[in-house]
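Alright, structures below, take your time with them.
There are two complexes below, and they share chain A, which is joined by chain B in the first and by chain C in the second.
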Partner chain A sequence: MATGNITSAIDSLSAAIHCNIIPQHEYLLQGSILDSQVEHLLHRLKGLCDNVDAGPEPFHDHEVCFSLRAPNQATPTLLLRVRKANDVDAPYQLRYIGQQEVGDRTRPTLVRNSLDIACTSTVVEYLQELGCRIDFEYTNRGYMFRKGRMKITVSKIFKMGGIPTKPGETYTEAISQSYLVELSVLAPTGQDGIGKDMMMFAEQLKPLVQLEKIDYKRLGNIP
Partner chain B sequence: MGVTILQPFPNLENKTGPSIIDFLSKRVIALGAQQVGHFLVDCETYTSVPQMSVQPKVVHVLHNSEHPASVFSILETGTKQIALVADLLFDLLILKMTPAYTSKKQTKIESKGPRFELGDFVIKLGIVSMSQTFKGVMVEVEYRPCLIPSMCWDLIREFMQGFMGSHVTNIIPPYFTTPSMMAPNQNKQNDIYQPIDTVQQYLEHFSNYRKLSNPPIMGMRN
Partner chain C sequence: MQREEKQRESMLDALQTRLNDLKVAIGAMIHKIETEYETINWPTFLDNFALISSHASLTGLTKILSHEMGTPLRNLTVLPLMLSPERDEALMQLTEGRIAVFSHDMVPDYLRTKPEPTAEQRMLQHEQKANSLIAETAIKQVAQYTKIVSHVFDSVSKAREEWEVESSTRSGIQQTSSMTDTHTLVSAIGMGKGLKGIMPPVGGPAGMIPPSIRPQASMSSVSPSGTSQIGKAPSAIKTNIKSANQIHPYGR
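Now for the complex of A and B:
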């Protein structure tokens, strides 16, 4: 009677892994559109996506990218990102993104390992003390749309820098003259069918934006 | 969610874990408490590999069945302590840190046992074991309507003394009076109580149990 049956968190997690219900793969397509044309794309997305009534959901995030390097290793062991919403009060998001899968070339989207973890604001200090190094940071401002389980973001990336004039305000500078467009789905292992749906959706955004599977290895040594 | 006080119950007569739990359960039931399920708090500790830093850093990862969707992690750098509360998937992330942080499986420690409710109180009687070896018994009492420890300590103390006798001191546990490592200017007993405070009390006691080289009695019977 003293020790009853209670499953430990690790056991429940292994059961969840076993049942394949943990969304740990990200399917991703990316593209970009010039600032002058972005309104057209937003109109098109308003017509195509689910959250039409409420209008597009604005977001303004600050993202910091960390790397944990094991001793005597040139390549980082672990790449982590911490994302904080500047516009709403929400938990910090800790994100792990793995290497892209070298799969079949005909696969319609990029597939990579991904873990999204909500956490407390102590995460930045925690990671730094853990031995992680800040590689770079930026702010990302734009709109988010949904279509079924697909997430579409149209956002502009700004550099961090300068001295903030008011608390909570940061001086930022746009990194380019265009908006980044991302179409992504988080799904458990083995749901490759989603790639086809994403391709079909991407077709509907042509010729405004060309969403593609970006091969990061070809971009050189960008962390 | 209210204030929780954690108290080790001394094993003076060299009894087995289950028999102490039986003894305390009977007393709690006599007071009118009802058993509502079981509870489990576990802790696993990872240490940085020597090449990572001069002073080893220690990462504790704890789970509490009272907060089943969260993982609590406490990082000790030697000079300070940083607590992080995250979603359950954090466990998968920890596994990815293995080249830099490794765990000793034999130090995995847990407290597990029946959970009782009596009006505004929740009582948990836990057997502490480290890799199947019995280490002791810990009693957790939570008073749910209050969030400030100093305001309900006397009430909790009186209640605890009611079934544990003089093993409960009249002074609030040191955890609440020593300046917190995380916020040195704050006194924990007048602060709003948070789930991480329960976890930190467990970690303190778990660390003490780990230091005990000799377990108080022979192996635990399951």
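Now for the complex of A and C:
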């Protein structure tokens, strides 16, 4: 019964993908900027991006990564992310991020499959019922900019837990002395041209930030 | 140097032929006016004139002059090496009887050692004006001018100094991002490195997670030592790939 449902869902999904309407590929460049320099970057982004009048859009998200493990296996087989806005009343976001493709030198950005679905708050319970477990979680606070199809986020990553500094706060410790900078575009299949645009935009942020495609697999070996 | 001279020579040759063409054309026109002034009609005359001004001579001449290679002609000086009041037959022949003597009277006009009459007149005017000035006023004006110039120079050099200092300090604070931090952040949000195993205390302000599932999760994901956790992270990615393939068989 359950498998039958999944197949039909995949059928309709593949039909939709066939029509090339789902923005399922995420083109991504990542970098960071030191806390002391972040004002410079925000200033520059304010000038470069579309939302000039409104100013940068602040966000404060809490993200939990769930993993689904096969029975008797230590390594997770599926990772799903649930994201919740702490500052505004918005639906929860369930996100699947697929294998990232670094590609060769000719490919300007990292490409990975990405599916975002808006959910109600019961998604946490639902995932738990499916057998998912919390792998890790963090809060993410910063600013978002837009430039055409491109999304630029400048955010600080905080660890969850520990002793709250103020009542009502659950994070205490930042992961590093830098802000994470991400430049991403969600696009349907076959729009590789966007990579060039992103590259050009990344050039404009140099030398403040070095936006690059970063290979997670290689990072695993760095202590 | 030799190449330049050759170039100049060939250019002069070209100019000469053009000039000769022009001379012949003008001569023919004058001849026409003088001999056929009773029969010639206006259109024919205009045609003739158009022929002279068109590419055959005048335009060609300016073209050669504008495409000058090497040193432009106007930068060169012509010097009269020998002047004599005697009649020169060779010169007479060369100029078709126009100039018989190459003497001190002719040189200023023909070699342009004298400025053009209009220019000369203006020069004279300026000189007169300068002479009529009282020395005292002149000195005063010069001093004033010097003052202004030195003031401008001062402000320019000051601005330059400031600019240089600014640019040097700017290069001093080049370090705006750290690769290590980038890697830390990316691996943290990508694989949960440094985030795993730090779970808020049960019953605390839990955000979106029901407290009931927290202890289990933390127990299963905390590994006894830090090193094994690092080793575990890449393998987690690998299995993730596999599962991705299973779920999305259509791939790309």
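Note that in this section the second predicted complex is superposed on the first by the 187 of 223 C-alpha atoms of A that agree within 3 Å, B and C clash if a C-alpha of one lies under 4 Å from a C-alpha of the other, contacts with A are read in each partner's own complex, and residues count from 1 in each chain.
In this text, a residue touches a chain if its C-beta (ideal position, glycine included) is under 8 Å from a C-beta of that chain, and two chains touch if they have at least 3 such contacts.
Just so it is clear, the model here is predicted, and its values are computed rather than measured.
> Mind working out whether A:Thr77 is in touch with chain B, chain C, both or neither, as first, second, both or neither?
both
> So, A:Ile157: does it touch chain B (first), chain C (second), both, or neither?
After superposition on chain A, A:Ile157 lies in contact with chain C alone.
> A:Ser32 in the overlay: touching chain B, chain C, both, or neither? Say first, second, both or neither.
second
> So, A:Ile134: does it touch chain B (first), chain C (second), both, or neither?
second
> Using the touch criterion from the header, give the chain among chain B and chain C with more contacted residues in chain A.
The partner that reaches more residues of chain A in the superposed model: C.
> Is A:Glu125 contacted by the first partner chain B, the second partner chain C, both or neither?
both
> Go through the superposed model and pick first if A:Gln99 touches only chain B, second if only chain C, both, or neither.
Second partner only, chain C.
> Output check: A:Lys196 vs chain B and chain C. Expected answer is one of first, second, both, neither. What do you get?
A:Lys196 sits against neither chain B nor chain C.
> Per the contact definition in the header, classify A:Ser8: touching chain B only (first), chain C only (second), both, or neither.
Touch status of A:Ser8: first partner only.
> Pick one for A:His43: touches chain B only (first), chain C only (second), both, or neither.
Once the two structures are laid over each other on A, A:His43 reaches no partner at all.
> Touching chain B in one complex and chain C in the other: list those residues of chain A.
10, 77-78, 125
> Quick check on the complex: what are the chain B residues that touch chain A?
17-18, 21-22, 25, 37-40, 42, 48-49, 51-53, 57, 59, 63, 65, 68, 71, 73, 75, 77, 80, 82-93, 96-97, 99-101, 110, 112-114, 125, 127, 222
> If you look only at chain C, which of its residues touch chain A in the complex?
So the residues of chain C in touch with chain A come to 174-196, 198-201, 204-210, 213-214, 216-218, 220-221, 230, 232-237, 239-245, 247-250, 252.
> Using the touch definition up top, name the residues of chain A that touch chain B in the complex.
Result: residues 1-6, 8-10, 12-13, 22, 24, 68, 70-73, 77-78, 80, 94, 96, 115-120, 122-123, 125-126, 129-131 of chain A touch chain B.
> Once bound in the complex, which stretches of chain A touch chain C?
The touching residues are 10, 14, 17, 30-34, 37, 40-41, 62-65, 67, 74-79, 82, 84, 86, 92, 98-99, 113, 121, 124-125, 128, 133-138, 140, 157, 159-162, 164, 168-170, 175-178, 180, 189, 207-210, 212, 214, 216-217, 219-223.
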